[in-house]
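Take a look at the structures listed below.
Both complexes shown next keep subunit A, but they swap its partner, so subunit B is in the first and subunit C is in the second.
Right after this comes the complex of A and B.
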């Protein structure tokens, strides 16, 4: 059962990933990304990580890709683009090298680690009593004890980046207008 | 294979006692029956809801409304559905055909899935919500996943795609504007929806809808356990999330023609229409589950499970009528008013209220004076609110003095 779910979801994830790269239309690429994210969510469910699965959909599919689509629609880049011209020189060669390197590292990791020896059952056996000790409680315990500084630092980083984005967008507008005013004079 | 089946089965589908003894043919059949009943129930409910809305709104506007098809016009929706089904299906020339066909289903499917986690009956006063179905103990809900209420949030965020893609793929100007506006609205109010929900989760200590309902038995409803404010915020945010009046900017006829589904006709339009009303019903059901104790209530029948179902239905009707009433009463918000309400009032207020509730709980755990803790929390909330108000006033004054932003 687990294997069957894994095979179907892995196929969806891979097809979505290929779609992201190969689709010529930006909106289609974003939708393929949603497919990948959903496949990942089901894979999380298969590993009994319910909370992660739900958060994967709420945060990634529900917020981040929606923002991608927003930008695509508002900027009107949903028309077919001319792919024969490389926007940044050397970008494609670099992308191929980095991609192959990452793939190689993943393969080496998979071949050398003992993760294949452990079955899914032993990884999740200790949380069978879900009502007493749920996913959510486990994550909360770890997040607010061992990793509380990392957690707070991430929160601060996000807040700073929001404030920074607002400040920068205001500065830009002012700079443009000051320039225009100078040109008018 | 069977051993592998029994391990992930119970926890993926949920904590339903049906699956504790392994999954065999009987369990599969009962689950299929529950799915079928829930599906049929929703479809009929949508049909009646459309008729109900048209009838009530005509009464409020001093006219008769549908009265020809069937007694009291009750079959009008069916007639409309059949008509829509047989109309010509138009796909605009400029549209993105694949996405255009996909979008209505992205609206419809989440609406169905949300209803799966709603407990529609069961005796929660002592029986923990279990009923006996063909000799098997089970819950009166399709599934009780451990992440229950997060599924509702996830599905409401997926529903945004239906609206967004429908507008974009139409290849037409007004639907695109409407869908950008609608998705901005839905994404904004999802934050308020989730934050007001956090208050319920804080008190219930569980994400499972069945657990949340069990915690509220019999009169311990979250409406007063969380001190009313989260429910008000949730209701306002839900109305906005459903694009119901007074938040129906999505289909502001004067500005946007028919909204995001202007280019849709025939059965695809019917699917959007269906999804809209189904969302209304499921969202009302979620409010009943979260704040009004679901099927909880004093047992006035001799049959154990019937009283719960009747209570649930009565509470559901309360909200369904309110939605129609709101539509008949309130004019539409302006877009900036809508955004101001969401971002500057509802989200800060629900965060502040979470602080107050948490301080009350923490004070209880630590043996502090609960009243003092709540007063301190309210004082902090008031201080932050006045800071926010000051910042907003300063920004507004500066905008009025200098509308072009030249001398900032």
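Right after this comes the complex of A and C.
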């Protein structure tokens, strides 16, 4: 069962990833990204990371991709992009070499490590089990003890990023904008 | 039987696709999506290793990666919006205003 789930989800994940890279339309790329993220969430479930599977769907599919789509629609950049021209000569060949090198080295290191050969156990616990050793309890135990300073830092990071986003995307007053445009030209 | 190496190889493949996409595409939004793909690949690796080693720290790391990814997307898209206001339909090649 786990093997079947893995194979289906791996196919979805890889197809979605290729869709992101190959789509000419930015909206199609964003929708392919949703497929990848959903497949990844199911893989997280397969690995018994229940909390992260839920967070993956809520944060990525629910917030990040919606934000992407919102920006695409807002900017009106949903035109088709011509992928046949290569902006920099030889770029795609070099990118393919880099990609093959990355993949090859990663696979070699993973397969030669003794961790990779171990078997992943089957799902034994009930997802709805909220006992003492549930996934969520385990994460919370560690998050609010060992990693509590990092957790507080993420709160600061999120606040700073929100403020930064508001400041950057704020429409400037008319006078300032004309002045800056004049300086720009 | 699915071994951990299957998950790790899938993550490596996903990371590679994201990296190649980041290098090849010129639309800043698509490049952001490719970064998300790479982050997801790393998340899968974290969870797989965390599970193999019996350490919940892998999943906590993924939690932090998710938070940072959300912050990164917010700031990145704000930059894209700000750039598009000044130069509509700009690609990554057009954005050389900071060059020396």
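Quick notes
To be clear about the criterion, the second predicted complex is superposed on the first by the 133 of 185 C-alpha atoms of A that agree within 3 Å, B and C clash if a C-alpha of one lies under 4 Å from a C-alpha of the other, contacts with A are read in each partner's own complex, and residues count from 1 in each chain.
Here, a residue touches a chain if its C-beta (ideal position, glycine included) is under 8 Å from a C-beta of that chain, and two chains touch if they have at least 3 such contacts.
Please read these numbers as outputs of a predicted model, since none were measured by experiment.
Contacts of A:48 after superposition on the shared chain: both subunit B and subunit C are touched.
Residue contacts after overlaying the shared chain place A:12 against neither subunit B nor subunit C.
Touch criterion met: A:136 reaches subunit B, while subunit C stays clear of it. Looking at the superposed arrangement, the partner reaching more residues of subunit A, out of subunit B and subunit C, is C. Once the two complexes are overlaid on the shared chain, A:73 sits against subunit B while remaining clear of subunit C.
By the touch criterion defined above, A:61 reaches subunit B but does not reach subunit C. In the superposed model, A:92 lies in contact with subunit C only, and not with subunit B.
Using the contact criterion defined above for the overlaid structures, shared-chain residue A:2 touches subunit B and also reaches subunit C. In the superposition on chain A, A:103 contacts subunit C only, with no contact to subunit B. With both structures placed on the common chain, the touch criterion links A:165 to subunit C but leaves subunit B unconnected.
Touched by subunit B in one complex and by subunit C in the other are residues 2-3, 46, 48, 51, 55, 63, 74, 135, 181 of subunit A.
Per the touch definition, subunit A reaches subunit B in the complex via residues 1-3, 5, 25, 27-28, 31, 34, 45-46, 48, 50-51, 53-55, 57-58, 61-63, 66, 69-70, 73-74, 78, 121, 128, 130-131, 134-136, 170, 173-174, 177-178, 181.
Within the complex formed with subunit C, the residues of subunit A that make contact are 2-3, 6, 10, 13-14, 17-18, 20-21, 23, 26, 29-30, 33, 36-37, 40, 43-44, 46-49, 51-52, 55-56, 59-60, 63-64, 67-68, 71-72, 74-75, 77, 79, 81, 87-88, 91-92, 94-96, 98-100, 102-103, 106-107, 110-111, 115-120, 135, 138-139, 141-143, 146-147, 150, 154, 157-158, 160-162, 164-166, 168-169, 171, 181, 184. Residues 1-10, 12-21, 23-27, 29-30, 32-34, 36-37, 40, 43-44, 47-49, 51-53, 56-57, 59-60, 62-64, 66-75, 77-82, 84-86, 88-89, 91, 93 of subunit C are the ones touching subunit A in the complex.
Remark: subunit B residues 1, 4-5, 7-9, 11-12, 15, 96, 98-99, 145-147, 150-151, 153-154, 157-158, 160-161, 164-165, 168, 176, 179-180, 183-184, 187, 190, 206-207, 211, 404-406, 408 touch subunit A in the complex.
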